[in-house]
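Shown below is the structure under consideration.
Lettered A, B, C, D, E and F in written order, each chain numbered from 1.
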Amino acid sequence: MPYVKIELTREGVTREQKQQLIAGVTNLISDILGKDPNLTHIVLQEIELDDWGFAGEQVSILREKGITAQKNNS
Amino acid sequence: MPYVKIELTREGVTREQKQQLIAGVTNLISDILGKDPNLTHIVLQEIELDDWGFAGEQVSILREKGITAQKNNS
Amino acid sequence: MPYVKIELTREGVTREQKQQLIAGVTNLISDILGKDPNLTHIVLQEIELDDWGFAGEQVSILREKGITAQKNNS
Amino acid sequence: MPYVKIELTREGVTREQKQQLIAGVTNLISDILGKDPNLTHIVLQEIELDDWGFAGEQVSILREKGITAQKNNS
Amino acid sequence: MPYVKIELTREGVTREQKQQLIAGVTNLISDILGKDPNLTHIVLQEIELDDWGFAGEQVSILREKGITAQKNNS
Amino acid sequence: MPYVKIELTREGVTREQKQQLIAGVTNLISDILGKDPNLTHIVLQEIELDDWGFAGEQVSILREKGITAQKNNS
């Protein structure tokens, strides 16, 4: 009986990415714990950038300063 | 001091239904646990169908397939 | 697809009271919203009195002062 | 590694007030617990007045009756 | 800035399974959304069987009846 | 009507520190938003180090490697 809540900043996540997250996390829980997917519920919640604080700053302000949450691909 | 969070898919829940849920859950907690209703807070959160995953699928996709969450009334 | 979280102070809630809460809230959601109970999950979380704050005070301290969360039965 | 969720009714909280809450709570956690602010995430969630229940009533109805959540300044 | 909460029934999940869940979900979020893993926090919460309700029943009672959450391997 | 949840790793937080957090956050919300403290509830939840994941690793493993969440005081 797992319930999963994923909170992430609202920054252009697509419907396809959401579906990939839902399928991926459900599969992980099924593979690792053997749980029936019919008992796994996953809820995504997108948070406005003004409403997420990191290191004492709103993410909206961090983004204005050019600070992102993307991993370094260089 | 109870706090209750009810998450449900955004599928046309009316203001009256929300009020019934709030009154009903508050009464249950008062009746079963004897808690003062002035200390009971209830928060409802409606979730978009793209953001709720069940059995590895977005609920929006399940609904397109004709699969509902309604109990069988037949 | 409802998910319900009930947080309450750890003050002697019995297994029977928990079962009554679970059955009662599930029935309410079924009656008011017509939701299939097989899609309703309810999670109870008991919180230690040192870990719940109300009006700026730990509930453990409020209880030491004789302040309870019980409704007035007089 | 603290994570903080602040849920409050949607009643005109400004961007500046949100920033003050984020900075203030992050500083408190840093001062009291010595936690690195780079590991502190704070999420604000504004709740519609129809979706918050207190004492068995929707806050939207309480507000129509003139009952507010403001402290008494008289 | 993702935060993930995974709630599951307390039924013998091992430290290794927890580590696999944490690594797996972090990798999924990094792969699908490109998020820096240093900004991803995951919290697991094991729930006692008396405290999880499904279909109106405590999971502890469902287990006594021989009903499990395991997928069918036959 | 604010509700605040503070999740932090279980690493020796004292009762006094909890009381300081509860009083401090309640005061912040009262000062910044003008909310009546009698409507502010704060719940602390300590998470075992095996149950908190950061950067894809259990915090228990990060601590074994000497990586802490403390700010640099040098």
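Note that a residue touches a chain if its C-beta (ideal position, glycine included) is under 8 Å from a C-beta of that chain, and two chains touch if they have at least 3 such contacts.
All figures in this text were calculated on a predicted structure; none of them were measured in a lab.
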Counting only C-alpha atoms to place each centre, which chain is farthest from chain D?
E
Comparing each of A-E, B-C or C-E with C-F, which pair has over half of its contact pairs in common by residue number?
C-E
Roughly how far is chain D from chain E, centre to centre by C-alpha average, rounded to an integer in Å?
28
Whole-Å distance, chain D centre to chain F centre, using C-alpha means?
16
For chain E, write out the residues touching at least two other chains, lowest number first.
1, 3, 7, 21, 25, 37, 41, 43, 52, 54
State the interface residues of chain B toward chain F in the complex, per the touch definition above.
1, 3, 41, 43
Note: in the complex, chain A contacts chain B through residues 15, 18-19, 21-23, 25-27, 37-38, 40-46
Along chain D, where are the residues that touch chain F in the complex?
1-9, 13, 17, 20-21, 24-25, 28-30, 32-37, 39, 52, 54, 59, 69-73
Residue ranges of chain F in contact with chain E within the complex
7, 47, 50-58, 60-61
